[in-house]
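Chain naming follows the written order as A, B and C, and within any one chain the residues start at number 1.
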Amino acid sequence: MVRPDSSNTITPGFKDPVLQSQAAFRIVMAALAEPGVWHAMPGDVVPPPGLSRPAALALLTLADFETPVWLPPAVRTGPAGAWLRFHCNCPLAEQPSAAAFAVIDGSDPAMPPLSAFPIGEDSFPDRAATVLVTCKARDGGAKAILSGPGIKTVRTVAPAGLPPDFWRGAATNALAYPLGLDLFLVDATHIMGLPRSTRIEGAF
Amino acid sequence: MSFAGSTSSEVDYNYAYLDEQTKRMIRRALLKAIAIPGYQVPFGSREMPLARGWGTGGIQITAAIIGPTDTLKVIDQGADDTTNAVSIRRFFERTAQVATTEVTSDATIIQTRHRIPEEPLTARHILVYQVPQPEPLRKLEPSERETRNMHAWAEYGLMHVRLYESIARFGQVTTTYDYPVHVNGRHVMAPSPIPKFDNPKMHNADALQLFGAGREKRIYAIPPHTTVKSLDFDDHPFTVQTWDKPCGLCGATDSYLDEVIIDDAGGNLFVCSDSHHCETRRASGHRGTMLGEAVGAKLAGDTAQGGRST
Amino acid sequence: MYVAVKGGEAAILATHDLLAERRRGDPAIPELSVAQIREQMGLAVARVMNEGSLFDPDLASLALKQAQGDAIEAAFLLRAFRTTLPRFGASVPLDTAAMHIERRISATYKDLPGGQILGPTYDYTHRLFDFALMANGSRPKPAAEAATRLDTHMPRVPDILGTEGLMEPEVPPPGDPKPADLTREPVAFPVDRDLRLQSMARGDEGFLLGLGYSVQRGFGGNHPFAGEIRMGAVAVEFVPEELGFAVDLGDITLTECQMINQFGGSKDIDPQFTRGYGLAFGHAERKAMSMALVDRALKARELGEAATYPAQQEEFVLYHSDNVEAAGFVEHLKLPHYVDFQGELELIRKIKAERVATAAAAAGTHKEAVE
């Protein structure tokens, strides 16, 4: 665990943690229950540099002293690391394998592969990480066809600015079901769920 | 050691009773439950001010998800005015200042014990089940270590053997409630003690279904549009209960009926278990054959007394 | 719609009023004060604190008053309050060797450093009514001061055996991890001793007594000696992160029991004495002793013994010793179950009708055959 630089001023989190985290959770839960649907995450929280607003809101809502959070090294040691330590009291994991939550950034070529994060155990598949993947835009990228729980027939999504090989990694992740990571894609304003139960097809 | 406030009669509890750390823990468990439909996620079930076995799992889930814009409906045995449904509804009125309703379509969260409402649920609903025994294999194998392994390896042969044994003895599967289901083609799951009549409503439903077992400390879920198949055999397909008579009060022929004993000579009457469904039908002019009789009028009248709108 | 158990908020509120009336009893009789319960019902208060998992004699007394003396209901009240309390951290491990002894006995040595201190106990009373207590106002004569001051050094008996290498050593698991807390985290089996002890510390005294007794009678096969039972005040210390040194939070009264058991040894372990440990809030010897017996029985797996009996099976003990959970689930049978019962009724009628039809058909066939 690292002690991030907290010399900069830490910006505020939720004004009303009880009701704002409840509202944010309902969006996150709906997103995971309907994979492939983008949900707006409104709110007056200004995220620290390195975190999108949906990722910041999700972590404020879900992370605490029991959940190590893995951040890209530059983000971890910057204001975002200090912000999460202050508001969530969460440990910051140095190794992806220790993460309960993680944020990876599609624009950063040095991201660890999805397979670096814990996917749970045969007897306890729930002991797997939840990974928030930051992308540039909700549309304009390679098409992926999603099916499975939460999807009536199929859903097609095409987010832009994902890490290279993301869809191949996500499709492989789904093959390990019931083990696997649970993913959320986030852009500047929206969040989309991609749990391990979602089957992924496409030309990648 | 004592602490400040211990002599005060009023203690300031958090919104929806649970503290925020507990809500986060439950919320994290809910997300894993949704990601692995039908798999039982262990969670740090808290002591609650209501007794174990009286809905503490469902109450903890509701408390972790509910907000001021929700409308809550609570049913027990399909009815809104059973004692424990009233007690749980009061609990959330007091602790979460939330609007409550008996009208299924007005609700956003429905907490239930033993029934799924007759009116089809929609994407606006979240159905929260109270679960006494989350482990569908427990009656076959008392050890948690063993049943956890059976789920890990999808070893469900024992369950099929048990169902088939009852066919061999009785010519049919003799499980009438808490009838095991296979979820998303992977996990065998206890649907809680709903009658098997309700099992088909779980399959590819539009609503999110959440299950809480407080005493046994497990949470599980079925996302919308998820396959839920009641276990059966090619030569003995799954069937649901049917009744020879319609509801005595509203004449419904497609709802789950409860039997009411009306005298001590074996006289009986069948009435809808879903109280809101029955009232709605009667309000729109449907009349059962017993509604004109004294006993029917009394039953229907009782309802009005217990009923309430918000 | 009709419901067999008529609800309605008015009816429920009326039960609350009736209960308050019943709890108070005859208003002509003076009301019990919480302080009276705390001072004069100390053993009941201790039981409620143990099973309620909270050391707070005032609240435990209030719980007893509110619950009309029902220990399980009182423990339930205490637990439902405890669960909402914020956690500031864990205390420094308590040092029972430094206990301010009120009572300390050993059944394994006639005399030992510090001596046998009998203290306040029913052990040597004759269970004959003291009818003088029927009349209030009696004041017991003060107990005589001991001729000599108690020894400040009261080593724990298993520690004495330990120096000779005859007692199974108590070593923390590798890395000395923080003990688990089953009130915060779900239990996964198999469990380590920290969880077993926590579960028993809050477990039902009667259930553990029965299990401990079963071990003694042969459903467990251990041969226990009461190595030591001690009761008295122990200091609770806490190290706030910002201070970095221990602060004394006050004293709590504890009862500790260490049972000594024979162990014939196994392939990997030499023959030695093994230990069963019990610890309880307040003066609660029966609880501490029962816990120590079952603790030893539950070591079966670690010691390579066959776990054939209930007291040796951790899932059985942990899942069933919690009386608040058990009471809730047993009493939930009072809730309506008529939806499920209707399903069973329908099934039994159907099977019966089918059997009658089959029998009639068979009789018909038989008749044809005869003709």
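As a working rule, contacts are C-beta pairs under 8 Å (C-beta built on N, C-alpha and C of every residue); 3 or more make two chains touch, one makes a residue touch a chain.
Only a predicted model underlies this, so the values are computations on that prediction, with no experimental measurement involved.
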Give me the step distance from chain A to chain C, shortest route via touching chains only. 2
Given the two chain pairs A-B and B-C, which is bridged by the higher number of C-beta pairs in contact? B-C
Taking the mean of the CA coordinates per chain, how far is chain A from chain C in Å? 43
Rounded to the nearest Å, the gap between Cα centres of chain B and chain C is 33
Multi-chain contacts in chain A, i.e. residues touching at least two other chains, fall at 124
Shared interface positions of chain C, touching two or more other chains: 188
Residues of chain B that touch two or more other chains: which are they? 14, 42, 148
Note which residues of chain B are touching chain A in the complex, please. 14-15, 20-21, 23-25, 27-37, 39, 41-42, 64-68, 148-149, 151-153, 184, 186-187, 204, 208, 222-226
For the complex, give me every residue of chain B touching chain C. 1-3, 6-7, 11, 13-14, 17, 19, 42-49, 51-54, 56, 76-79, 81-87, 90, 113-115, 132, 142-145, 148, 170-172, 174, 176-178, 193-197, 215, 217-218, 241, 243, 249, 256-260, 271-276, 278-279, 299-300, 302-303, 305-306
Please output the residues of chain C touching chain B within their complex, sorted ascending. 1-9, 11-12, 55-59, 76, 79-86, 183-190, 236, 249-250, 252, 315, 319, 324-325, 327-332, 335-340, 342-347, 350-351, 354
Contacting residues of chain A [partner chain B, same complex]: 17-19, 21-23, 25-26, 28-30, 32-34, 61-64, 66-67, 100, 122-126, 128, 130, 148-152, 177-178, 180, 182, 195-197
